[in-house]
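Take a look at the structure set out below.
We just call them A, B, C and D in the order they show up, numbering each chain from 1.
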Amino acid sequence: MLYFAWVREGVGSGEEQVDPPEAVRNVADLIDWLAQRSPGHAEALREPTKLRAAIDQRFAPLDALLGDAREVALFPPVTGG
Amino acid sequence: MLYFAWVREGVGSGEEQVDPPEAVRNVADLIDWLAQRSPGHAEALREPTKLRAAIDQRFAPLDALLGDAREVALFPPVTGG
Amino acid sequence: MIRVSVQPAPIDLGTEIAGVEAKGAGAIASFTGTVRGDDGVTELMLEHYPGMTEGALVALAEEAMVRWDLMAVTMVHRVGTMEPGDRIVFIATAAAHRAAALESCTYLIDRLKTDAPFWKRERRGDSAIWVEARDSDAAAGERWA
Amino acid sequence: MIRVSVQPAPIDLGTEIAGVEAKGAGAIASFTGTVRGDDGVTELMLEHYPGMTEGALVALAEEAMVRWDLMAVTMVHRVGTMEPGDRIVFIATAAAHRAAALESCTYLIDRLKTDAPFWKRERRGDSAIWVEARDSDAAAGERWA
């Protein structure tokens, strides 16, 4: 997992290795599952609709299946430029 | 009178003083009258629709009245930029 | 020719523009975004997603090259800490004719705002906040779909 | 702030852009037109109508400042003899937001093409011809009316 911006700050880390159970099939499932890891995770991941995700460095919606993804990132909507 | 680009080359000069008669009321009249001044004028001013004009440094159509204009310029359509 | 750079170093316009002009195009358009100094911001911090960012910018540049038949695209985005007046982003496009250069430059900054993983944090004195995404940026990005 | 220059000297982008950026705007757009090197032109000569040219450019800049609420407009046009690769024209606009900067920059180059008294003569080896105005330029200028 990779976290950016205020998600990273809330979780308390920009990167962690996780091994979710098979029931975690899509991004929304993953967010719910990660939220149980710590109070910081719970707070940062409390409102999934405010989060955006990337699977293997491509933007993905909350209902995107994880499949055999190697790198998943969670972050706020982007604000570059 | 001021002439630019191929009008200037045809007339053989970029500038001349003229004193047209009262019958010369608008730009088109002026072009016809100037065309009689020399073979160069006649050739350069042969097709008035290919010419553009400015009266006192503002673009003016062929039917624009000369009034008490002090500076009239004839030239081809502009091609800057 | 595509040049993409995500860099902590200041953006050198002279070098970047010369690179784009060197392709011999007749028309070059550019867009530069700077840290505005009129709303109390004392420092801007840009975070990004290394690896994905560069890939996203190259993908946008490739789309523009095809859509407008461009001769060159340069996209440079600064990351890290900046001050008011500093350049955040520079985009330049080169084409044979001006409409292609200007339209594609608009396209690239619109799409960069929604499709590249950057996040801005603004500091005003002692307080720092993460900038929120704007609906108007989403709308600007979508009109090119 | 409006800066207009009609000059035989080469256009120095560094100086011109720094002048526009200095106004503290968040968004700067620019357009640069160069002598194309791909159609056999060996030399380009730009003639203009001294006095009227500067007035026409200032009038266009003033219109754009009002229409888009700009912080700065710079319009520089070279005259005299140029070679392939040389910059003919440089236009830059500065605004708080990108759409204003980009749209007004497009407006200014479109209108300059039809409303400023410049004439181009292209030399290819021993022959020189006056460039003819293009219908597409007239159409581009009129869409802003």
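Rule of thumb we're sticking to: contacts are C-beta pairs under 8 Å (C-beta built on N, C-alpha and C of every residue); 3 or more make two chains touch, one makes a residue touch a chain.
From a predicted model like this one, the values you see are computed outputs, not experimental measurements.
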Chain whose average C-alpha position is farthest from chain C's own: B
Where chain A and chain D are represented by their mean Cα positions, the distance between them in whole Å: 49
Chain centre separation (chain C, chain D; CA means) in Å: 23
Intercentroid distance (Cα basis), chain B paired with chain A, Å: 73
Centre-of-Cα separation between chain C and chain A, whole angstrom: 26
Junction residues of chain D, two or more chains touched: 33, 98, 109
Residues of chain A engaged with two or more neighbouring chains: 81
Touching pairs among all chains present in the structure: A-C, B-D, C-D
In the complex, chain D residues that touch chain C: 13-14, 17, 21, 24-38, 84-85, 87, 96, 98-99, 101-102, 105-106, 109, 140
Contacting residues of chain A [partner chain C, same complex]: 2, 4-6, 8, 54, 57-59, 73, 75-81
Residues of chain C touching chain A in the complex: 33, 46-49, 51-52, 55, 77, 88-89, 109, 112-121, 130-133, 137
